[in-house]
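These are the structures, in structure tokens.
The same chain A turns up in both complexes below, where it pairs with chain B and then with chain C.
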Partner chain A sequence: MWTLIKREIDDCRVFFVAGVAHAVFVILVLISSLSGGLNIGAGAGPLFLLVGMLLFCGMGAGQMYMDRTRGISCFLSTLSVTRGAIFTARVITGVLLILVTLVPMAAGGVIVLKVVLQPIPAYQTMFLDIARTVFLLSLACYSLGLLTGWAPGRVIPTLGGATLTFILMPIVIIKGFGVETAAILVLLTVAALLRSRQHFVSTSF
Partner chain B sequence: MSDIAIEVRDLVKYYGGRCVLDGINLKIHRGCIYGLLGRNGIGKTTLIRILLGQEPASRGRTFVLGTESMQLGARQRGCIGYVAEGHHLLQHYRVGPLVQLCRKLSRQWNQSFFDKLNETFRLPMDRRVRELSTGMRAQLNLALAMAIEPEVLILDDPTLGLDTVARRQFLELAIDVIQREGRTILFSSHILSDVERIADRIGVLAGGKLVVDCSLEELKQRIRKMQIVFADRPPDDLPLTGIIRQQRSGNEMVITVANWNAAKRAMVDTFGPRHVAEIPMTLEDLFIECTNPVRMATGI
Partner chain C sequence: MSASRSYPVRVMTMGVIVLLLVSLGLYWGRFVCKIALGNVTPYANRRVRVEPCALAPVTETEPNAASPSRISADVNPTRVPWLGVADYFSTHLPLGANSGVFQHLRGEETLCTYFDPQSGKIVQYKIYQEDEKEQEQGSLWVKESLLFVGPEGISVVDSADTGRFVAPLVAFDVFSNASLVIYDTELQRFFRGDLEARRITPAPAESSAEMGRIVAIGQLQKNAELLDLGWTPPLRPATDQERQSRARDLVTGNLLPLARLSRDPGEFILVLDDSGCIYKLERETLAFAGVAGYLPTAPEYGISEDDIARPRDLLAYHVAAAAFDPDNTHRGLYVATLSRDGTGATLAVFDADGEMIRRDVTMAASVRRRMEQSEADVPGSGLLDADIIARARTHKTFFEMAWGPALVGITYLLENLQPPVFSVASYFTAASIGAEAGNRNLLLLPDSFAGMLGRKHQQRRIQRMAILMLMISPSLVLAGLLAMAVKGDATAIGLSDRAVKYWTAGTLAFGLCAYLTWRLNRPGEKLVTCVNCGRGRRPDMEKCHRCGSAWEVAELNAPSWRVFDNHAAESCGHTAMLPPHTENAADEAKEETP
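What follows is the complex of A and B.
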């Protein structure tokens, strides 16, 4: 399994570099704005979030699209590997990307909470809610990317996931970071992953 | 352990409403080199892909090493070497890393055998797969498939794109592999002389059916091409069953007939031929006769 994960990371290193760059950029902007050096508007948060979500969705779609066009799983499954294992390795790689991007941001957030803001318990609860929702939203966008990336042609793999991400974002903005949003995102993620897996494992390639 | 390496039972496959494979039944025993022949688009690759579980059958069942194709797990897949038509390797990989990847993902890997093959093929380890010529890609694919020491080796037109020397090397290697105990090869090819050289059993797909499934010797016994010279004009019709093809030229008639026997010879003799002789047939001749549409009515 580790070999498969390593192979996926190798294929997607551009996404990992982009993820780390995005995290560093967001932390720098956050530090700069809190120290008074940069005045960011209220729209910056959702914008950063949207960029991140498009990145995760793009990674999912990219993995599947590359597979289809390069015949990756077609070749790997002639070795001692099942398509189910290839899919699992792919999802683990996607989760790794999400963690690589979000963990530094979360760490930055914790530091800001401890050092800059007043130690109010409500902030902590709010921070945990936001972190959970952003993680689940990332996972949902990644899963939608996987789902649309396996579709034939170029239009759906390229634009399908992005469109669904644009639709998904308002749910969070409207419903907030509560448990209801988390439940919706979990259901959506599970459905997208199951459908992608079933599609990936059973269709001819 | 079963003696049968590959089994196909009543296999039917439809593509967009068109029946590509129509009730195929096939058993390939362990240690057999089976040559699968058929014209382009007749379903050879489809049959192989169904065997490997890469495509579902519309009806029927297929088994490789006793396991149903769609249920092949990692362990069983590790016992099957596959060289695909067109050599679908990871084109963006360099040869060295691709070899390493295959080694890590294989159930077993015979490095010394791979090195031996590499010595023969002289594969450039630092070049990307997409930069290799078709012949080199075929050699790489073959080396990777053979290094895993497969119990079953499935070769889908593997010599396509190889020059004469590389093709000869490949055939010798295939024989080398089969000589290791218990290895089975399913070998589909358009180059009939290759099949004739290495296969000990032949299958011919035509019209969605496996019209021939026997040894080459048996096939040569079953289908005969006879030259019959008459004193005058040859008869309009010979009352023989199993005529696949008949041609007339002057007072000479050439017939290709299935299941030639003494009774058929006696029937020909009643027309008082001046001379009856058998024309030797190569596998290519047999293949052309077997895939001839008239064959359908003769029932070889």
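What follows is the complex of A and C.
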């Protein structure tokens, strides 16, 4: 399994680099705005969130699309590796990308909490709620990318995941950052992962 | 995963994804229609006004009064505080309903009072930055606890002797940061706290005996920004001398107010319970002082009744006590409410005894003309007839507007694209879903036409099922058509009888979502023509699923023998049809030839 994960990380290193760059950029913008040198509008937050979700969705779609076009899993299946193990390694790699991107941002948020905002319990509760929602939203977008990446052709793997991400993201506007949103995102993630796994494992090529 | 289990899993997971994503799209469609309806509603149709309010101590009929007192509330259609993200921030930021922070005074030292569930105390602490003495901005905040307030005492340290609160509601006095009223919903007791004197006094146990479950104390309002509630005092013309000496008090037209609302909150504290009743408590002793009023229902699209509204069934409400300078005696309440679908509002005035003395509701222009004509004949008492209230349903307003019917029709069609099973569930669950949650729901819609029907006819649910079916008939027709299409397609594809039945039943229940799920899960095998029945059959199955025939149909195979009629063959010149030359024929030919 570790070998598979390393292979997946190696295949998707572009996404990891992009994720780290995105996290660094967001932190730099945050520091600049807090120091007063940069005035970012209210739309900056949703924009950064959108870019991140598209990145995760693209990672999922890219993993499956590359596999389908190059026959990676077909080759690996000739070794003592099951398709289920390949899929699991792929998902673990996706979760690693999400953590690599979000954890630095969360660390930046914690520093903002400690330094800029007053130590009021309400802020800490809000930070945890928002972090939980963003993480689950990232997982859901990644799962939708896995789902659409295995589709035949080029259009659906390329645009399908992005379209679904655009449709899904406003759920935060509708439902907020509470438990309801978390429940819906967990349900969607589980459904998408199960569907993707079942589709991937049952494919014979 | 075996094939027998994988297909249901595949279908269910895809069904969940399709259902959530389609519901999101339909939500935004309904949202746009709702905002558009609010924007095209004329200003006069979303304003309620009571004039005179009959609460001012100065008589409205003073000879030199230029205009009487007026209370008004305007429905603001562009604000959407019920949207999850807006509601989350407004309720979770300090001083919000779910923040647990009851006081947040910013200054050189910030004073913050919040409830700590772990210790069960209301904690007051101050916050400041390090290195303030050196005039440098500190890198970290310092939080210093000042007081721990429990039901049995106030101390500077967290002590078990002061008891524990469980779920407190707190209201600070308007002009005192040290005086507060606490009600614990689990202990069901009021407390008066004095932080300066470090004294907490429980109220008489019977203070809350007549009240239901208390939901708010002190300031009674929810989403008040949706209702611009305002009070205009009675005005009189200012004299020449007053125009000089009281220039600051003048309003437009060189008028002076005859009475001024007191900024002092008055002698009572208001309490709201879950039934919508508003009570008074003596401010100092917290003794029960009687009923102050109630939350009146507001007109909805299809419902308008003269009744008490529960706080959770209103999208917004704002209660204000009326007391006037200088004696600051409680004279009554004025209450504005907004219906759960945000289309209608009510403004009511209650006297000091809690009796309603004035009311106005939003209504269509035709209904208001009817009311004014009847009042011209028989002057009204300030309260509206039950007939007028019943006619105030907001669909009359919408059908008077240019785009109203179209927008309502689009909303109706969008609701009918929801799965029929959720429309029926909305009918049965509408009464139990709160106003704000109902506006955010994706699947169960208490404000839909079906939900409205369920809320309207609580006592005769079974009898109203026929009307419900009529209401959601477009949804049922669509589901029926899609079910027929799915059934035909599934049968042609060769699914088992049980699978066809499940798909048909699922499409009838979930409509468009089930059909989309079918299209995404439809088996992709190409059909070939069956030689027996001529219809398409699955190449991966041994027998045709339509006629049961095997691949080889013996009856249709050409025999190895042929019947040839030589006379017919010769007359036609078809010598090729002659039987092939055989040895016997050759011998016979030899015998015949000499």
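The definition used in the following text is that the second predicted complex is superposed on the first by the 205 of 205 C-alpha atoms of A that agree within 3 Å, B and C clash if a C-alpha of one lies under 4 Å from a C-alpha of the other, contacts with A are read in each partner's own complex, and residues count from 1 in each chain.
In the analysis below, contacts are C-beta pairs under 8 Å (C-beta built on N, C-alpha and C of every residue); 3 or more make two chains touch, one makes a residue touch a chain.
Keep in mind that what you see is a predicted model, and the values were worked out from it rather than measured.
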Taking the superposition as given, does A:87 touch the first partner, chain B, the second, chain C, both, or neither?
-> neither
With the two structures laid over each other on chain A, which partner does A:79 touch: chain B (first), chain C (second), both, or neither? first
Notebook entry, point to check: Looking at the overlay, what does A:173 touch: chain B (first), chain C (second), both, or neither?
Noted result: second
| message | Let me test your reading of the model: by the given contact rule, A:4 touches which partner, first (chain B), second (chain C), both or neither? | response | first
Go through the superposed model and pick first if A:195 touches only chain B, second if only chain C, both, or neither. second
Of the two partners chain B and chain C, more of chain A gets touched by chain C
Check your understanding: For A:71, is the partner it touches chain B (first), chain C (second), both, or none of the two (neither)?
Key -> first
Chain B and chain C footprints on chain A meet at residues 202
So, in the complex, the side of chain A touching chain C is made of residues 114-115, 118-122, 125-126, 129, 144, 147, 164, 167-168, 170-178, 180-181, 184, 187-188, 190-192, 194-195, 198-199, 201-202
Listed in rising order, chain B residues that touch chain A in their complex are 49, 52, 54-56, 72-75, 77-78, 80-82, 84, 88-92, 101-102, 104-107, 145, 148
Listed in rising order, chain C residues that touch chain A in their complex are 1, 6, 9-10, 12-14, 16-17, 20-21, 24-25, 27-28, 83-85, 87-89, 92-94, 96, 99-101, 104, 110, 112, 114, 116, 127, 139-141, 143, 440, 442
In the complex, the residues of chain A that touch chain B are 3-4, 7, 70-72, 74-82, 85, 202, 204-205
